[in-house]
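Got some structures for you, see below.
There are two complexes below, and they share subunit A, which is joined by subunit B in the first and by subunit C in the second.
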Partner chain A sequence: MSRRITPFLFLIPTFLLVTIFVLFPVVNTIYISFLNQEGEFIGLDNYAEIFSRKDFWNPQALLEGKTHSYGALIHNGIWVLIHLPLSLFFGLLLAVLLREVKGGAIIKSIIFLGMVIPLIVGGILLRFIYDDRAGILNGFLRVIGLESLARTWTAFPHTILLALILGSVWIWVGFSMIVYSAGLEGIPVELFEAAKIDGASRWRTFWRITVPMLRPATIVIVTMTTLWELKIFDIVWVIQRGGPGSASNVMALDMYMDAFFNIPPNFGTAAAIATILTILTFGVASYMVYQMVKS
Partner chain B sequence: MSIGNRTTDWILAVLLIIVMIVSGVGVYYSSAIIGELDELSTSQAQDYANLLAAITSSGATTEDLLEALLDAISALNVSLPLVVIASASPTSGYIPLTVSFKAVPIGGTPPYSFEWDFDDETATSSERNPTHNYTTAGTYTTTVTVTDSEQGTAVDSLTITATSAEELVVFSLWSGAEEQNFEQVLDSFTDTTGISVRHIGYTTEELLITVPTQLRAGVAIADVIIAPWPSWILNLAGEGYLTRVDDLIDTTKFPQTYLDPVTANNRIWATPFKVSGKPGFWYRKSFFTNNSLTIPTTYEEFKTLLATMQTIPGVEAPIASGNGVGWPLSDTTEAFIIGLGGYQLQLDLIFGDEQFNSTVVKDVFQELADLLQAGYFSVPDDFAAQVARVWDGTYGIYFQGSFITAFEPFASNLDDVGFFPLPETTGVTGAVDYAIIPALTDHPIEAGQLMEFLASAEAQEIMVGLGGFLAPNIDVPDSAYLPLDLEALQFMRTVTVVPDLDDAVGGAFQQAFWNQLKLLWVDPTTDLDALLQTLQDAWTSPAF
Partner chain C sequence: MRKLNIVARLKRVKGFTILTHIIAWAVSLIWIIPFLGVVMASMRPYPEIVNGWWNFEVFNPTLDGFFRAWNFPNTPLSRAMLNSLIVTIPSTFIPILVAALGAYSFARFKFPTRDLLFLAIVLLQTIPQQMVIVPIYNMMARVGLWDNYIGLILVHSAFALPWQIFFLRNFFSTLPVEVEEAARIDGASHFKIFYKIVLPLTLPALASLTALQFVWVWNDFFFALVLIGSPEKKLAPQVIPMIRGRLFIDWQLVCAASVIVTIIPIAIYVVLQRYYVRGIVAGAVKG
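Entry: the complex of A and B
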């Protein structure tokens, strides 16, 4: 009897901590999302309200192409669509290339610096990189004769989202590179030797052995990167605070504005956005965990 | 030993004591009257030294001696003028500071009556040796007045320094030179009151978010907070987090226009501390002279000036556009709202008496969009960096608050810097920095003292003397200002000063206003109706 109970006793502290610091806030946030500013229960009104906002959900703009403010939810979606594949691609590319390069570890460390610096600092660096006068990007464009393209990329509604996404690839790619590097080290050398003996090309070896064997690493990267993209905030805030217009607005920013900038604060709509974020991230995380278990 | 011998011994002893006392009193009393021991003659000094040696060996205190002397003088029936010597222990310390006072009257005609004034607005005492508790930090001059039976009086005073054990904490948005200037004001307060103050400079977001969060959690880390957002202030007041300041400041010393935005239910919740006037476009005088440019007096002349500047070689754009979080653009826009639509339009927009999507507002924005499309404004860039570009002629003029004169290279070349208002304007924006006291402060009395000080002409004079700011207190003399600030102030006296639009409404509106203006600046062909509707949707009724 005691041997059956003892393991559960050891779990009690963890369970208590998780309940107090994770479960209760999550449940309370969901509860608050059904309240108005006076604390009265209003059902799904907060959800209806945020979906009626053009700076949260504006698919019409995407279709018409008149403005570049598609709404925070869509901007987060665009972020995932562009940032995730690029992070995977460049992470894998760098991991594979640097594996065979002398001094690769040093180069990896330098690339990984993007992950080490605080995102606010990363955002400030991006602001400088894209600056018309001081930025290295515009300097490069001028050197190669594309001066007409030189501008402050983060100042314009049609370029800011892409500029932020590409800039964040630079910040985040160190993570995918390191995970892939670890994954590559875990692939048995015999597999490559066998493929070589069988006459497989490097390209075929890469697609038939490397990529499948990196599936667990890929799942980790996809999960972590997607979660990061959904809750992206720092870079957006420090560069243009969601502007110009709402061209770089994202969900976390909307939540922040409702909770802390509104006078009086609207915790109900902020909690509704938080709940949507939670559902999205939980969905992604659950799917990926399922894939990991399956694999 | 016989009785007779004993009696003789006693008589000799008493005589000796009397001789010592009389000589001692003579010396000591002379010194008390003259006040300077080094003026004593050599023989008197020797007597005094002998007396002190006798006192020291006896273990008696000065007070004991004086009392003994007093009794001896009374016994000898010596008539001396009335003098009182006050002493206290301790004379300094942390509040609450309990001090024991003693008064030693000499001369005059007993009995004596005593009147102590402790200099802290509490009851006086008529005891000879009272004890008093100082609960508020400060430097006090405690006075005792002794009156003898013939209505003769003598006065003595002591300085008691009561220091706050815990320093006051002040939050503001200031850093760099602005913070250094403000710390001079706080140092002056500390010198006057003995209360130490620690200043913490916050960013806009930190102050906007951290303070309400702290207060809602039941904690007031800051004892005084300085912030420029009236709606934010009144919202905190409405939630019961602030102390009203009506009793702490003389409201007749401030223009009503500065008090109205922080007044609710006939209660004033904040003290205007300083004003950042936004008088107009700043320029380099020599640039104008070298290019034969003249200051416009009509709006048409203004547009002609812009067109002329655009043709000057090296000028990238006539008007520099500052960026940061967005306020430089909103300041510029508000100048056009006031200049083209009248100051009343600005007030109507703040209070919701006019809609952002109305025709009159759209006309102003259309004019602004036309100027932008004509290339008269630069692409927004760091607001401080733009000062140097105005200086080197990359841009011609720059709309900013008077604080811009504190930025280099303007600051070192004020003789070559000038400003002119948007021609024909009827008003100007005055962004006020207000001081508030959280109701939860642990030091309400000291915070109140600081509030009183910040509201005073004395404190505001220090701040404006450092340049770039205007004082809301009307008692600050013109002579306190730097010439350029005085020029701005004199211009502002000729027009109506109105609150800053986005600061007054505050909240999410401010962010929306900034973001929409960033959009307009880089894309002046944007749909103005949609832009103005966004502003209207974001507007919320200000709390005042």
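Entry: the complex of A and C
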């Protein structure tokens, strides 16, 4: 008897905390997303409403090119499309280069600081880099004679999103770099030696041995990075709260504004946005679990 | 002929090494300079940095920005830092204890629904904070734990459990079971085996969890933003947007505040660097 319940005794505290503060709220959020302000069941109306809002979903703007606010959902999509490949590229580049460079370990520790500082501070750092007069980016532009371009890059609707995305590459690259570094350590040296004896060039060795052997690391980086991009909040909040207009609006921020900032609050649409966000993150997580089970 | 070949090759290799060094240092500088900029700006008066902190014609370093941030009106960092510690320390150790028990159960016992429960735990890791916050806010408001650190600590603890259990179960799986089996034959109870044998062997993993969880809770902005309201209860990262203001940015003040708030996570990172990095990599790669 006691033998059979022991495993569950160990799990009781976990079970209580996770049920009350994670599982129940998740189910409750889905439920709330089907209710109106008065608590009446309205089916998918909240979902219909958020997709009719220009600051959540505005694909026309992409085609017309008149405004620079495509809606939170599309902004998150753009974030993934730009941030993910750049994070993979720079992470791998730094991992490979710094392995062979003197002082590489110290440089790595400093680059990794992006993963240690609060994201709120990360946002402040980006705002400072992009500042019209005090920022180093504009200082650099002035030195190379592109003074006409100098501006506070986060203050304009047509530059803020790209500025934030590129800046967030700077913050996040420590992660992909460190995972790739660990992956590189795991590749048996014999493989490289064999390739060398066979006379393979560095380039060929890289593509035929290094990249395929790093596949597990790549899968992890792709998953974790995409999740991070979908959930992005702090940076956007501290720089412009989704502005100017809604040019840097993202899903997590849109959800917060609906529930806790706008007057009157609208929990129904906020819950609907959260549910959409979670469906997307679950898609990414399922991909990871599928890859795990496969290998 | 052969000799020439070797010389040519040597030259190429040397050229390649120099090239990698140049690229590596150039790329690394891009990553390092902004940190330097914030530290510089935090200790120089605004007029000195307004045309670039990299100009040193006039250079009068001062701690004035740090004092002003520390004593900022309404939300002084002196109090916010203390508040952050009060929340972060329990939010670090409660979930680790709970997760260690849970992970041990997953790693050492066979029971029905185990694999299903574990898969659920893995998937729960990816739940966004936004997905739980409305019901949690309602719940806290109803039981009087809104604007109360106990509520925030409970939420942080619960939210950390999935990844910590995942991490620790993987770690327990690598420990040899023979010692535990021998102890069981000698009549030791499961709980005794757990805290006398397993936990001491788990210290490196616990160091990783402590470092990561402490920094994550310290850095967290969203939960505190929703669950804490009074100015005197605000946590350190929450104070930064208030110090930033809406229009004019006093860079000396804002950068000094950023440095103060960041000192704690950086100190943890410096002291526990090996465990910190190992935690991130193990949580990632082994998964």
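Keep this in mind: the second predicted complex is superposed on the first by the 275 of 295 C-alpha atoms of A that agree within 3 Å, B and C clash if a C-alpha of one lies under 4 Å from a C-alpha of the other, contacts with A are read in each partner's own complex, and residues count from 1 in each chain.
Definition applied: a residue touches a chain if its C-beta (ideal position, glycine included) is under 8 Å from a C-beta of that chain, and two chains touch if they have at least 3 such contacts.
Here the structure is a predicted model, which is why all the values come from computation and not from measurement.
Do subunit B and subunit C fit side by side on subunit A in the superposed arrangement, or is it a clash?
Taken together on subunit A, subunit C would clash with subunit B, as the superposition shows.
Using the touch definition from the top, say if A:155 reaches subunit B (first), subunit C (second), both or neither.
first
Where does A:240 make contact in the superposed view: on subunit B (first), on subunit C (second), on both, or on neither?
first
Is A:260 in contact with subunit B, with subunit C, with both, or with neither (first, second, both, neither)?
Both partners.
Now for A:207: first (subunit B), second (subunit C), both, or neither, which partner does it touch?
A:207 contacts neither subunit B nor subunit C.
More residues of subunit A are touched by which partner: subunit B or subunit C?
It is C that touches the greater number of subunit A residues.
Output check: A:290 vs subunit B and subunit C. Expected answer is one of first, second, both, neither. What do you get?
neither
So, A:67: does it touch subunit B (first), subunit C (second), both, or neither?
In the superposition, A:67 contacts subunit B only.
Once the shared chain is lined up, is A:133 touching subunit B (first), subunit C (second), both, or neither of them?
both
Could you tell me if A:89 is touching subunit B, subunit C, both of them or neither one (first, second, both, neither)?
neither
With the two structures laid over each other on chain A, which partner does A:14 touch: subunit B (first), subunit C (second), both, or neither?
The second partner, subunit C, only.
Indicate the residue numbers of subunit A shared between its subunit B interface and its subunit C interface, in ascending order.
131, 133, 260
Going by the contact rule set out above, which residues of subunit C touch subunit A in the complex?
It is residues 16-17, 20-21, 23-25, 27-28, 30-35, 37-38, 41, 49-54, 95, 98-99, 101-102, 104-105, 109, 111, 114, 117, 119, 121-137, 139, 154-155, 157-159, 161-162, 165, 190, 194, 215, 218-219, 221-222, 225-226, 237, 240-241, 244, 249, 251, 254-255, 258, 261-262, 265-266, 268-269, 273, 276-277, 280-281, 284-285, 287 of subunit C that touch subunit A.
Show which residues of subunit B lie in contact with subunit A when the two form their complex.
205, 208-209, 212-213, 231-232, 235, 239, 323, 325-326, 379-381, 506-508, 510-511, 514-516, 518-519, 521-523, 526-527, 530-531, 534, 540, 543
Could you please specify the touching residues of subunit A with respect to subunit C in the complex?
4, 6-8, 10-11, 13-14, 17-18, 20-26, 28-29, 32, 90, 93-94, 97-98, 100-102, 104, 107, 109-121, 124-125, 127-129, 131, 133-134, 136, 139, 170, 173, 175, 178-179, 182-183, 186, 202, 216-217, 220-221, 224, 227, 230-231, 233-234, 237-238, 251-252, 255-256, 259-260, 267, 270-271, 273-275, 277-278, 281-282, 284-286, 288-289, 292
Per the contact definition, I'd like the list of subunit A residues that touch subunit B in the complex.
It is residues 54-55, 66-67, 131-133, 151-152, 155-157, 240-247, 257-258, 260-265 of subunit A that touch subunit B.
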